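Please go over the structures that come below.
Across the two complexes that follow, chain A remains constant while its partner is chain B and subsequently chain C.
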Partner chain A sequence: MMKDAKSFNVTRWTPTSRLILGLIAVLLIALAIAPVVASAGVIDRLTVLFVYILLAAMWNALAGFGGLVSIGQHMFFGLGAYLTIRLANTGLDPFASMALAAALVGMISLAVSYLMLHLKGGEFAIAMWVLAALTHRLVNLDPLIQGETGTSLISLNVYEIGVRRIAIYWAGLTAMTALLAALFLLLRSKTGAAIQAIRDSEEAAASIGVNVLGTKRVLFVLAAVGIGLAGAIWLASAISFQPKTYFSVQWTAYMIFMVLVGGIGTFEGAILGAVLFFLIESWFGDAGVWYLIGLGATALFFSLFFPKGLWGAIERRLPHALLPIGYTLSDFSPQEPHSRTANHQRSR
Partner chain B sequence: MPEPVLALSAHGIGKHFGALAALDGVDFTVKPGEAVGIVGPNGAGKTTLLSVLAGALSPSRGVVHFEGRDVTALSAALRCRRGLVRTHQIPKPFTGMTVFENAYVAAAHVEAATRDEAYDLAAAALDLSGMKDVANRQAGTLGLLGRKRLELARALATRPRLLLLDEIGGGLTDAEASELVATIGELQHRGIAIVWIEHIVHVLVQVVVRLVCMDAGRVIADGVPQAVLADPAVVEAYLGGAPE
Partner chain C sequence: MLNQLIQGILLGGYYALIAIGLSFMFSVMRVINLAHGSLLIVAAYALWFLADTYGVNPFLGLLIVLPLMAGIGWALQRFLLERSARGGSLLPILTTFGLAIVVDNLMFQRFGADTRSLAPFIGDLSWSSFELPGGLFVGKLSVLIFLTAILLVGGLQSLLKFTPLGRAIRATAQDPDTARLVGIDAARASAAAAAIALVTIGIAGAFLGMRGVFDAYAGAPQLLFAFEAAVIGGTGSLWGTLIGGIFLALAQSFGAMVHPQGFLIGGHLAFLAALFYRHFVARQLVADWLRSRARRPA
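Up next is the complex of A and B:
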């Protein structure tokens, strides 16, 4: 390679983003040891927050980065919970059941992707909803579930209540961290660049060598696994399973709310949106109908005045992304013989 | 003596959209490193032909060979990885990504390219197409001219051996047009074969050694530019009966 003949840098990490990464590591460690000091109530609420962040990040990955707007993602939430119940009923440990259920959700989404990913735009969105409704009905037919009667994850009773609470909390923290890390690494990879290219133009992406269906499939399955895990964790903390509370479009509506308010298509935005939703719910969740009206009004306000969400408004004032997935080209002067710098460093 | 392998050969290409025959038995070849221009009135089937050659459309009949191999059944993505790439008449930028990232996605999907090689390919493509000053701009903020250049940059970043250009010269000033001619000349110098659809014939003839004229889904003339432009059938169909 004639590396020294050219001069340019491709910057990915910045000093600020390294610092942020360090702070995130500290925060995660603090969260991991939080059960030592935090009250049971706080631990339960934080578990809820982890599930929300996971849901928002996964829906944002699909719609914001991949352009796959689905209004049927509650299908995977419901399946994650249902399969956990089913597996635990065979005598498998409830936590092992949760992990296995998420893997099964991944396999189901892989099979489903062969039908769904050929659909475009609105057709895909609606077909996912139809599929979620269909899955709901099929689960109703299971004699273990007995229509809408439902059942419970009784096997969790082998764990003492305090131990169980902390174990579920850790499961939530681990699932959220692992899935967000996987998503971040995926978005930073060349597949991540291809995902965004497909979002902006499928035809152009195909014309420059991107395997469109295969790339979409990776994203679709990752999102399904993440949402399936979220459903399994929700079940573990709620214990009882009633199909209509899990296979409810309200879950997808929450995902959309969090992503729109936080900032669609930015990694940080979805997390911020989940935290906002969590706070709104914590403060106003008891207000019944007015709470729902407030959520609707908030969503409307943001789509009218902050189309890129809260994070979009913040990011415009920042010189670089906090958690960068893109590529910045600098010191680019390959034609000048006396270039300022001879280094050809590519920071990662 | 065996004939040298053609860069591209298409035989008996037909493409029907319902009752409309957009392409009606087109034969078309390109030699390695050759620059061929395609002209013809609107609706003649030029872009449709390009889409069939690139793999974005599958033909109703006929076969496409690239470098001696039948690629008729290959997707656009796989043809691109073999070195056959197109630009789009109506630019399709990845609007949410920067100009550099647009070129990088293309470069990153070149077979066996490492990340550093992909960076080099993308940067070189931006340099060659005159886009290095806007490398970090969001592609969605580019004007039409910038978007057309980006089409070229992105295609170049795939390291093509045959480039299919669809009206990348429209709306250029004279100075910009000669810049573009110089750029295409440089590509030819590097041994890249070029098929170029363009309405601005006087720009086209500065680059191409062969001109193909299409009308109503057929090739009506094929040869050296001067001869094709003087052909009565071409004058009738394309220039509206009045030679320039």
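Up next is the complex of A and C:
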């Protein structure tokens, strides 16, 4: 065994992944200064893209890495928006309200996790949906919201329209970057090793001493905070809050679509899926019912024939993971170019 | 008060009726079918279409619609669930959710946004009632629904217990590979189970259409009611589903008494309370019982 261990190089960063990280840094800087040159329309659309990427990455964190398929994640989307309205109504700055609302969503999800994480598979999936429906009803009782009539984030009016647009854009960019970075670091940490072990086999992970429930809880809360932030940013750009449009299962359907098409359980796949969904929506969003039928049929098709999604197909052809979550094992002798990453050794 | 109790119990019969197919599929196929609600609406629309276009009484229409539903169930298992179950236990959730989106929107495309009902096609059954001693009135349709639920649960239980097909279905549910070893065609047993589940969905869909109105997107709330009834009653237990449905309906009626918008909230809270009981109280009780047995000298 020792001899075997000696004959491999264990590396995490490859030249490719360093290059990719550098490119991502350049892209993020370019996006940060984009408002200087980009038109208002482009800025608005990019904000939408950031929200989609955030939603996809967070649903993927829960389902792809934690093995927790939820049909009720729109609960946190709605709560993020609702709590922003509630906090801003006390006179707090709207942007501070958004951040605080996301933190509160995290606390609520922590409390909820103590009951919900005991459920398995499909039971967890629909029980989350029931919880979302209950939250929706309870929010409707708040006199400030006036039932389905809804209300608006009026306090945003203190910012002039041009400033407001760029501030929301930056908020979206920051939220997306921060949560993706948090997820990336989490997956690379010791907890990340536990997460990947759980993803491959919950029983096996538990048998070698992984704290399954605690690890899932970390992902559950992270996903709730991210989706709560997404809801708050969506509210800021849409201004009006109608409970029905935020607490809509449509949002969860979008998340599922993005992750299924992009590639469930891969960090890059969720981002790819979100970008694709964004493009599809831009091109076919006006087709109404047929657009929705197409989305559902595509999700159905991928679940049956490409359960690993597009990134699953791309990843197989790459020598290394673009963003290293696992480790790369390469043969010590330089003549042997074969190498495999731990990322590729999945048994799902 | 007594009146509300009786109405609640009868409404519970309806919830049990719509939950039977979901519970049956879960207990014998280990699949939670997220397209369950949408399929209820498919059956209701099919009956409405027959009644509206050809003047077919919905009860007679069932003779056409139920075989169709059985066919849909068979195809659902053969072409979707069988394949998706190979990808793990989580994938069928996504597959059936995708199916629900497709089915809902196709129905919207075909039938539009108007709400429909089967009530106009069943004569006075939709509104006439029995008078009970004490001046209480119970709707004939509600009683019929309640009796249908009991008959269906009893029928399914006997089918599972006493018939060769039932034995094959139960064996496949427990362990498909071993079932295959003893000569059971597991794929056929699962497809038959799915067909049976869809027949119960067809019956439930008929009553859904008779007791109220529906539209293309009415499936999702029905799925949640069915799921709540099934979970409260103990997932996978058919008689439990009946008790779960009654408990759900009583909680909703109680919620409506407390607050005008409390109907749904009451039901959802009852569901959460049942989950809480199952995972914290009941588990503790079982653990205590086992410990006390272990301590007892032999």
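As a convention for this text, the second predicted complex is superposed on the first by the 318 of 348 C-alpha atoms of A that agree within 3 Å, B and C clash if a C-alpha of one lies under 4 Å from a C-alpha of the other, contacts with A are read in each partner's own complex, and residues count from 1 in each chain.
In the analysis below, a residue touches a chain if its C-beta (ideal position, glycine included) is under 8 Å from a C-beta of that chain, and two chains touch if they have at least 3 such contacts.
Not measured: the values here are computed from a predicted model.
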{"item": "Partner chain(s) touched by A:S282 [first = chain B, second = chain C, both, neither]", "value": "neither"}
{"item": "First, second, both or neither for A:S240, with chain B first and chain C second", "value": "neither"}
{"item": "First, second, both or neither for A:A206, with chain B first and chain C second", "value": "first"}
{"item": "Contacts of A:Q196 with chain B and chain C, given as first, second, both or neither", "value": "first"}
{"item": "Partner chain(s) touched by A:Q146 [first = chain B, second = chain C, both, neither]", "value": "neither"}
{"item": "First (chain B), second (chain C), both or neither touched by A:N157", "value": "neither"}
{"item": "Which superposed partner A:G265 touches (first chain B, second chain C, both, neither)", "value": "first"}
{"item": "Contacts of A:A63 with chain B and chain C, given as first, second, both or neither", "value": "second"}
{"item": "Intersection of chain A interface sets (partners chain B, chain C)", "value": "none"}
{"item": "Touch list for chain A against partner chain B, complex", "value": "1, 3, 6, 8, 10, 190, 193-194, 196-197, 199-201, 203-212, 265, 326-330, 332, 334-335, 346"}
{"item": "Of all residues in chain A, those that touch chain C in their complex", "value": "63, 67, 69, 71, 115, 118-119, 121-123, 125-127, 129-131, 133-134, 137-138, 140-141, 249, 253, 256, 260, 289-290, 292-293, 295-297, 299-300, 303-304, 307, 348"}
{"item": "Chain A-touching residues of chain B, taken from the complex the two chains share", "value": "54, 56, 75-78, 80-81, 85-86, 88, 92-98, 100-102, 104-106, 108-110, 115-120, 123-124, 126-127, 132, 135-136, 139, 154-155, 157-158"}
{"item": "Interface residues, chain C side, partner chain A - complex", "value": "26, 31-32, 34, 80, 83-84, 87-95, 97-102, 105-106, 108-109, 220-221, 223-224, 227-228, 231, 235, 259, 261, 264-265, 268-269, 271-272, 275-276, 279"}
